[in-house]
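Labels A, B, C and D are assigned to the chains in the order they are written; within every chain, residues are numbered from 1.
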Amino acid sequence: MLKLAYLGPEGTFAEEALRILAPEAERLPSANVGAALDAARRGEADGAVVPLENSIEGGIATTLDELARSEPLLITAELLLPVEFSLLARPGKEIGDIKRVISHPAALTQCRGYIARELPDAVAVSAPSTAGAAQEVALPGSPYDAAIAARIAGEHYGLVELAGGIGDRSDTVTRFVRLSRPAPPPAPTGSDRTSLVAFLSDDHPGALLEMLTEFSVRGVNLTRIESRPTGDGIGRYFFHFDFEGHIADARVGEAVSGLHRVCEGVRFLGSYPRADGLAPQIRRGTADADFDEASGWLARIRGGQV
Amino acid sequence: MLKLAYLGPEGTFAEEALRILAPEAERLPSANVGAALDAARRGEADGAVVPLENSIEGGIATTLDELARSEPLLITAELLLPVEFSLLARPGKEIGDIKRVISHPAALTQCRGYIARELPDAVAVSAPSTAGAAQEVALPGSPYDAAIAARIAGEHYGLVELAGGIGDRSDTVTRFVRLSRPAPPPAPTGSDRTSLVAFLSDDHPGALLEMLTEFSVRGVNLTRIESRPTGDGIGRYFFHFDFEGHIADARVGEAVSGLHRVCEGVRFLGSYPRADGLAPQIRRGTADADFDEASGWLARIRGGQV
Amino acid sequence: MLKLAYLGPEGTFAEEALRILAPEAERLPSANVGAALDAARRGEADGAVVPLENSIEGGIATTLDELARSEPLLITAELLLPVEFSLLARPGKEIGDIKRVISHPAALTQCRGYIARELPDAVAVSAPSTAGAAQEVALPGSPYDAAIAARIAGEHYGLVELAGGIGDRSDTVTRFVRLSRPAPPPAPTGSDRTSLVAFLSDDHPGALLEMLTEFSVRGVNLTRIESRPTGDGIGRYFFHFDFEGHIADARVGEAVSGLHRVCEGVRFLGSYPRADGLAPQIRRGTADADFDEASGWLARIRGGQV
Amino acid sequence: MLKLAYLGPEGTFAEEALRILAPEAERLPSANVGAALDAARRGEADGAVVPLENSIEGGIATTLDELARSEPLLITAELLLPVEFSLLARPGKEIGDIKRVISHPAALTQCRGYIARELPDAVAVSAPSTAGAAQEVALPGSPYDAAIAARIAGEHYGLVELAGGIGDRSDTVTRFVRLSRPAPPPAPTGSDRTSLVAFLSDDHPGALLEMLTEFSVRGVNLTRIESRPTGDGIGRYFFHFDFEGHIADARVGEAVSGLHRVCEGVRFLGSYPRADGLAPQIRRGTADADFDEASGWLARIRGGQV
């Protein structure tokens, strides 16, 4: 039976994502993103489900850095999960009683308005996950009065929902990805996304422009770019790119090869179906058939047939 | 007397940065980045010193988002502060006693190797700042055995340094900026940096390439680019740019005006001396004198003098 | 009374163009393009009308090189003249009698099909202009049997039209320009063209790409580009550019200034109403109002108002 | 025995070029460029030697247009021939006697200074080639007193050299090419040039920039670009490109395929050794080995080996 690790404990948004992505799978909660990925790497699980970015918070640094630097895993699926926060407390508590509230820092940020308005005197404390915060609040003798987490976490740990939908925005979404040990990517569906990480060979002015041109000249549209520090001092970055299409596509293959040639290193992170089901707009002259035709033509003129 | 807010409590790296940037200033510790900036905005302080990016962790999301969206402040100075972490405990404790360690999540990440090696069984807990973690550990009856923070924080809160230099890398640097209410920027020094935020008018393929071209065509070199989500769903970003030169420079002025014309919005974040003292490489034809000469020439040909 | 020089003798297409561009003007025929331009330069005429390019033959090298290198003149008007060729002979001659036909080399080229088909045995001889060929044929004792020229030339020199519309294509057009001594250009009409010549500062790879980017980044569309040898050996070129818009337009002024900064030299050749009456497509953010607005914004942020 | 057609009659610079390019070949003089090429096409000759461009006059329009539009031929060699003009007359004539001088229009242009200075009253008449002019002058009863042509033409037709080196510039060079019926190109030598013609699919703004980017992104340096009218009205052009490298090179192959994909049509005109023996500067990441390596890498990641 398929077993997938996820950012636990039970009741996290990652668990919700996993249940949607792979309803049949056995679920293995992990203490943090790194642990979930390690479980997949070591074969304790067949894969892992972790958050990659959030529409408010941006890229999840730990996931991005793990994918870029640690032993390779490939993205095989993605999911856009609407994120709704609830204020959860032990039975008997009321909003007026809440003096110390605990949650993941991202959740605290996303509920900043609610906290300022409804819990102006409460102290906000960080936890490693929203579900971990709920678990902590549920402990007898916990110093925390309430957690901000998914409603499902409250159900799981026996907490009462004092308020729901308390995020400052009602349309927050987190993008989760399913990761597997390296294997041939899922077949192209016509609505695919590809992810990779590129390290600059040297940080000359114009290096980023050069990289973007490798994509644009083959008609490959970026959907996300994120810079991350290499760790070697301020001013040294590497880049995460997400873009339309599948590594099996001719235009994607040529763009990615071009990037590989001009960069110090490129790490492929996978090609997988897009969660939004959008098909790419393929610019004139960049469809697979155009590449095939051009390739036949090149062979002919190299042979002197003009 | 000059008064500057900073990310407190006393003993943070931000305090260290403030002491270097403005040794004479009165220091006003604030609970978090947003509070420090608000103190500057409301006039409770003359300015604020906050972290902008870290050589390991990348951009400090709160600072970036505050600068992009809340009431404007301008960067007037920057500092690159080497970051060295110590393991701090109440007097009498030894390393073998440490079961629960607390620190800012970024510090926990940067000391991951040390923790795994030396404190394999310890639980790591998040705090809003490294100095706050030290303060917490110093409280009588604190459930935490040790904090990871700057040595200065240990001195401040009466803790003992059990180990120093415990970061996984010895060359970690955090970039701090001093922010002030809008006013004319400091005069050009020949080694300046300019920062701004650009919002895309629409998220078409090639929009980022277009923005970079506005810089490159005027010979303005980027030193940092960072994408941040607009909050309007996955796939919608705005961009932070740092680049060489001063807004008073002709090439910078024209590039920034070009960006303003093609973007939905551009927010200027200031021009200020570079902490590294590097002078920009000015490409042929892009010095102020070249712009002046071209401008005189244009006026002549418009008048028919050729 | 206005006096304009033109590529003579009487009966040339240039005379036709002059009659349309300036019906009232006194006409001064000149022996060749250089002589017509010199008449304008020296003040013997108020201007000159000469061909600049032809839809079959391409740029008229003499005109292009004269404008680029000799004492400056400015284009103040253009005209697209349909070109129709006739076979002209002295009265009494018939097609079967034609053994030697004379015309301007461009006309011979454009009537190649007709000559091969109808005059397969005739010798074709070059003349400095089509009208000059007609004049020559009209001379008593001329060794030439027929000229290829405009019908008007036949009328002028008393020749008979043996055949009309003998060009290989029926839609051939020549672009004529009116040139004047340097003076402020005619006011913008909303449908203008600007011409210039750019000399590379050094012939590095990518120099042309660099020049085109100066145009494209300001949304200025090229309508013609033509390389010409500098004369300093094979592989050294300069460039003629025609593009949409008027030198008084903000986007044109900035693009042209940018070119001036990165090139060894730029010679402005004039802004003038387009013969085809087309209005430019102005890309988002590049209208005069956008430049004005950006300029005001830049002044404000330079003063610290954000 | 190898037979090559050339732009005749005997004594032209083309004959000189042919003697250098193929000393052993039988020489077939042709009346004009088109006739020489047709001889090669029809198999009457094994190839042809014709001028392609001149360092003063620019591209030879007839050659360019023939190569672009008529039945395909491939360039297999090139030669840079210094061009030196002599004033040639029948024995007995002196400079003072010269009233009518005849030559090819390009030669007349290139000797403009000498003619104005030394033959101010002479009439200059056009001939189809410089050698044809010499031949004409040599005819008994010729109305022409002198020809401007290569010294060799004088020797050939029994004329006397009244003056030598009379060109306005002493460093004029004409580039000749040898053309053959389509066959596999000569093997790469490490110092090769490739030529082609590209027709735009539609004449949108930015089309030329797009084409240049196909070259620059693969590190292929252009050595010549020349626009030619398509014939379909003013403002419609196609482009001749010469560039460094051989069609067998990976970077050239990919660039040319890219051009083929985005253009309405591309006609390959051959890869051949450079006359100047220069080796290309190969930009980082664009050598054949880099393409090979990238191609192997792409195959691996497509198979899931990362």
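Criterion: contacts are C-beta pairs under 8 Å (C-beta built on N, C-alpha and C of every residue); 3 or more make two chains touch, one makes a residue touch a chain.
Keep in mind the model is a prediction, meaning the values are calculated, not measured.
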Inter-chain centre distance, subunit B versus subunit D - centres from mean C-alpha coordinates, in Å: 59
Approximate Å spacing (C-alpha centroids) for the pair subunit C, subunit D: 24
Centroid spacing, where centroids are CA-atom means, of subunit B and subunit C in whole angstrom: 57
Of all residues in subunit A, the ones touching two or more other chains: 213
Chain contact graph, described as a line, ring, star, complete graph or other shape: ring
All chain pairs that touch each other: A-B, A-D, B-C, C-D
Interface residues, subunit C side, partner subunit D - complex: 53-58, 61-62, 80, 105, 109, 125-128, 169, 171-173, 175, 205-206, 208-209, 212-213, 216, 221-229, 231-237, 281
Residues on subunit C engaged by subunit B in the complex (per definition of touch): 72, 74, 182-185, 201, 213-214, 217-218, 247-248, 253-254, 256-258, 260-262, 267-268, 284-286, 290-291, 293-295, 297-298, 301-306
